[in-house]
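All chains are identified by letter, namely A, B, C and D, in their written order; residue positions are counted from 1 within each chain.
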Amino acid sequence: METVVSSKPLLATLVSLLVVGPIILSRRRPNLRESWTFLAGFIKLGIVLSMLPIILEGGVIEWTLWEILPGLALAFRVDGLGMLFALVASTLWIVTSLYSIGYMRRMKEHSQTRFFAFFAVALSATLGVAFSANLLTMYLFYEMLSLSTYPLVTHHQDREARAGGRTYLTYLLGTSVAFALPAMIYTYMKSGGSMEFVSGGFLAGSVSGGEATVLLILFVFGFAKAGVMPFHSWLPAAMVAPTPVSALLHAVAVVKVGVFCVLRVITGVFGVDFLASLGAATVIVWLASITVLAASLLALTQDNLKRRLAFSTISQLSYIVLGAAMLSESALTGSIMHIAMHAMGKITLFFCAGAIFVATGKKYVSEMDGIGWRMPFTMFAYLLGALSIIGLPPFGGAWSKWFLFLGSVETHNIYLTLVLAISSLLNIAYLLPVAVRAFYVPPGKGNTKIDLHEAPTACVIPLTLTAFGCLALFLFPEILLSLARLMGEPS
Amino acid sequence: MVDQYPAIVLLAPFFAAIAVSLLGNWKSGFCLPLTVLSLVISLMSSIALLGQVAESGEVVYLLGGWPRPYGIEFRVDPLNGLLLVVICTIALLSSIYSIRAAAVETPDKCPQFYTLYLLLVTGLLGMSMTGDAFNLYVLVEVASLTSYALIAMRSKRAVLASFNYIIMGTIGASFYLLGVGYLYMKTGSLNMVDIREVLLESGLYTSETILVAFMMIMVGVWIKMAFFPLHGWLPNAYSYAPSTASCVLAPLVTKVTVYVMIRMMFTVFGPEYVFVYLGWSDVVVWMAIVAILAGSILALAQTDLKKMLSYLIVAEVGYMVGGVWLANETALVGAIYHVISDAFMTLCLFLAAGAIITKTGKYCIKDMEGLFRKMPWTMVGFVIAALSMIGIPPTCGFFSKWYLINGGIEAGNWGYVAALLISSLINAILFFRVIEVAYFKKESTDSDKEETVSGSSGVGEPPLTMLGPLLVTAVCLLLIGIFNQEIVILIRQAVSSFGPLGFIG
Amino acid sequence: MILVDFIVSRFNYWIYIILMMMGLFAMIAKKNLIKKLIGMSIFQTAIILFFVSIGVKEGSTIPILAHEAAHDPAHQQAAPLTEKGEGHIQNGKGRDALRAEDYANPLPHVLMLTAIVVGVATLGVGLAVVQKLHQEFGSIEEPEILAKIDSDDG
Amino acid sequence: MRALGTIAVILTGALLLYASGDFPAWGEPYSPANDSRVSRHYILKSFEETSVPNMVTAVLADYRSYDTLFETVVIFTAGIAIISILRGPVDKRVRLRRASEKSLRQSNLILAQTCRLLVPVIQMFALYVIAHGHHSPGGGFQGGVIFGASLILVALSFQLQTALDRISEKRAMILAGIGVLIYSGIGLTCVLLGSNFLDYSVLSKVLPLSAIEARSYGILGVETGVAFTVTAIMFAIYANLSSHGRMKGGL
């Protein structure tokens, strides 16, 4: 395996942080300000893409900044998993930026400069997590992400935002300090001062089975961004944010950072084989299964579209955790791929929810009767996204579901297969009715005249793109698949 | 010149104090430049001194040229070398900050204020350098008398707080003096290193007098550092003091006293007496745990910003005492590192609080709506300090917690680890309560009217002399965190000179 | 008998402890601020008493060399530092050289000069603070002042 | 509070009593403290090393002169502290007119005349105590206090203003500052002459004295400084406390 030393991961992380200055300075000229965002977005994507070939060949890229604690450096390392996540995040940032411009301007939101600035910081933190080489670096960016998204979540600065923001931070910050930090320090002590992620893990042999179980649970709860119950309530609370935030951060960046951290801990800290030999992951398997089902059921009861999507996200995140905790190769591949597939599908759905709100001011599913003919593009995109999430071909979601099912069969656990099957049915039950209402139920009041009333073009283009993205991911999954497979290979 | 660094560090603020008191009455314009100049000199020579110490080990400066144990000496090792730099930096930053605040809060008393201020700094510097147990008492009293006066300069409640401080402070200092007397009675010496030698040579560990001396000294310094439940004087004293005074008192006085405790435990009595012979570390660590929790919970109950910060100091003292008494190297390093980082955190918080209070005239947390909009840079400083208090990387608070928790786990004291984590969580609640209020606008309906009123009164960023030190401190928090390795290496150098902590293994 | 001896031979310590406890009690328990300060003064005096009594030597005099002794040139060259109790080496003139037993221990006196000064200074500042409190609140009773503060707040 | 006080007193008292069993007996000449290296050195060597017969003075102003410097600073601090505490910001100081000689005449004849007779004697005695600290009990602190007492006597027997006319509070503070400056200035001179702070022996480089005599004169110098400060601060404390910081009326 080839190791390349390059500062590219650092640059990719920093690009969006550096652009914060210009964004703030050009606050009086919105067009210039937004062009900074795009500039940073394309540079970021460019850097990430330029690293792709090396990773695909099975190499890794490393860059060490400096040692910050004895034997522990602030270091970056790019491998398949990180690459996949970075690719998803940086691509979708560009799309979301376009969408936010349309959304924010149409809604005449205040403090747009602050919005774009913190958005850029959040992206930096996301890439930082994706590229971090050890637990400490990851923790650092994880916290940075929690904090930088707080102003975004509470953007409206009203009573509702205050309550939502409070829940958001309490859960994310509280769990990371109370669970992840001690788990990390304990790991540091037990491993003799090393916290570098190695495939196969570094804890094998240095902790007992009981300790490993406790540590694993602490990590899974500590990275509450993964939304495993009972630490999931921050996500519905975060829905007070403007929709672009919900779309990128709460369907892609923030939540995926959570599951990404869990994946890293399972593969890089404990090692799949070590966990399998201990049976320590069983607890996580059941926690995740319960979350999958319970969140799906809760999603059914939500009338607010964004909240419904949030519960759906919680349930989908636990697929990923579940996939990792099953400790089988196919399941792991499936769960890594699900990061990308779900991101693409869910961001489409959020874009649609936002577009509906921009165009009609409607937030609740029950108000959306007949809306499909007024906003055909949006609702069509919604349908594609929903089908992808449900896991029907020819959409991206089908691949990841396929591997997850395969994994559950490999583990010979019939209950897990059952869980996945039931939850897929539940997916249909809570996602499709929206589309059905939109297209088949006539609007309640007399207003029979159907006039085209789409959201701004800047909103419609991104959601169309991502909807077709779902399709494209089904047709061309090779890159993702090979990136995901890289992690499954034994070292 | 080179061998005079210890003297210069101390004498620069000392002579400036005399000069301010003599010239200040004639022309009060002299006060501030003299203060700043002297502190700059002091800072520079303390940095040079630290370099010297780091390179060639302990520096001994004989006052009056009398050798140990007949005269008094300064002993500077990496531990107090670091502390000197911290004291000088903080004193310098808050003196710059005081340009505006002192004029507002203590008008007509400019020369007195700066004389006291410089004497306080002199006292603290002297406390950290001296190698003589009795001399330490004298300097403690210099520092205490100046703090009493600085606190009582404001009217009303500050005066009562100052009175309580006088009573408690005198009890503390007198207990310390009595302890030194007991030590003297048994060892016949006042020099710290000499006392330890005599203790070892004459086999005095079993003596009841030495035991009582140790207890008296510990209780004395605990009162002085406001270790729960002996903290009664602190919250009122620090929260009602003029903001310039509290900016230098709050970060420094308790921390220097913690240093005194470390010095007493490791240089005078020696770890083998404290940990091996007495073996009380569990009891004290549990007291520290109670202190941490009680301080945090009491802070939670406050509505006044400065009072909340003052109770946090009580909790932080618990961190440090616990870390020192955990009796392993990691925890001790963590505690000393926390002394430094907490000094800067507290400074940053008090500078921010002072700036907010001088600009808005509001003390209560709930009155701080919309401050992010009115004074964004001040709030940036406040947020960084808050993050450090919670323990978010890469601020220094994270790393001190890192070492302390590491030490706690090493010592197998899970209660201490849990207390640190709980207090971090409480800090998160505390600070986000403030940040939330400051971030959101007023909810009441007459907000527009309020807006215009406050708009006309011109609440905006504080002047650069207040904002500058605040932001410099905030940057320091990050730098201390990022370059914690360098500091820790120095601390380890000092800790290894204490000899084996001889507890585990 | 032994017990009596024990008590009598250490009477200075009993007295200082009693005085000190009186002072401490007044400082903590008294409600009148001036009484607290009086307690503080007693407290500090007790410590001074303790220190000075350490330095006492039976049959010794004040730690000042007599005029002749000081100006005797013999002293300035002779009288090598002697160990325990053997300081009485005869010099040429047949006069006793300096003996450590003959003079009280000077160090506690020096220390207590400092402690007295500190005590005076603290007392002065304390009195000034009480005066200021009296100006502000019109009382030197702690409960009354607290009540006044409460009513100001409410 | 009462219960708390009782508990504190009982605990501390018990602790102190516990230790006192271990103490050397009263007046024991060979107790560790009395027979220590340090104490013996002071008694046996101080005259040789400083040429001051009074060991207390030698230890106070030479061996431990750094302590004494800060002791002076404590006094000085107390003076400034009291002024800064008692002078309220509201209390605009009015420039007081010079009290006429009338006030002198107005007061009680016997009192006035006794005072006139006593004050010079007290002051002479104070000067003696300061200057003779090398050979007899005395020194800057004691002399300074006596001198301060003479000023307080004036204030007591006439009016505060009468004493203030002779030495105003501002001047007293300047005097106090000068006292500390003399002390520390001597110390600084030693540094400038190439030795450590307060190492008087180096003064022999500039004075026609041997190194040991230089120590003796150095001690005299610092004692003078101490006397200035103590005198001034004693009076300033009295003036402030007796007039609630208003500098008029008084007792």
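The rule is short, and it goes like this: a residue touches a chain if its C-beta (ideal position, glycine included) is under 8 Å from a C-beta of that chain, and two chains touch if they have at least 3 such contacts.
Everything quoted here is computed from the prediction, not taken from an experiment.
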Chain pair showing more contacts of the two, B-D and A-B: B-D
Centre-most chain [mean C-alpha coordinates]: B
Reference chain D; chain at largest CA-centroid distance: A
Centre-of-Cα separation between chain C and chain B, whole angstrom: 30
Euclidean distance of C-alpha centroids - chain A vs chain D, Å: 74
Approximate Å spacing (C-alpha centroids) for the pair chain A, chain B: 44
Residue list for chain C, restricted to those that touch at least two other chains: 24, 27, 54, 107-108, 114, 118, 121-122, 125, 128-129, 132
Numbers and ranges of chain B residues touching at least 2 other chains: 134, 138, 141, 145, 148-149, 152, 155, 159, 162, 184-185, 190
Multi-partner residues of chain D (at least 2 other chains): 16, 21, 23, 31, 33-35, 38-39, 41-42, 64, 67, 71, 74, 77-78, 81-82, 85, 88
Touch-based graph of the chains, sorted into line, ring, star, complete or other: other
Residue numbers on chain A that touch chain B, as the complex places them: 67-70, 74, 136, 139-140, 143, 147, 151, 154, 157-159, 161-162, 165-166, 169-170, 173-174, 177-178, 181-182, 185-186, 188-189
Residues on chain C engaged by chain D in the complex (per definition of touch): 6, 9-14, 17, 20-21, 24-25, 27-29, 31, 53-60, 62-67, 69-70, 75-76, 79, 81-82, 84-85, 87, 98, 100-101, 103, 105-110, 113-114, 117-118, 120-122, 124-125, 127-129, 131-132, 135
Chain B-facing residues of chain C, complex: 24, 27, 33, 36, 40, 43-44, 47, 50-51, 54, 107-108, 111, 114-115, 118, 121-122, 125-126, 128-130, 132-133, 136, 145-146, 149, 152
Touch list for chain D against partner chain B, complex: 15-16, 18-19, 21-24, 31-39, 41-42, 62-67, 70-71, 73-74, 76-78, 80-85, 87-89, 170, 173-174, 177-178, 180-181, 184, 188, 191, 195-202
Of all residues in chain B, those that touch chain A in their complex: 387, 390-394, 399, 401-402, 405-406, 409-410, 417, 421-422, 424-425, 428-429, 432, 436, 439-441, 443, 482, 484-485, 488
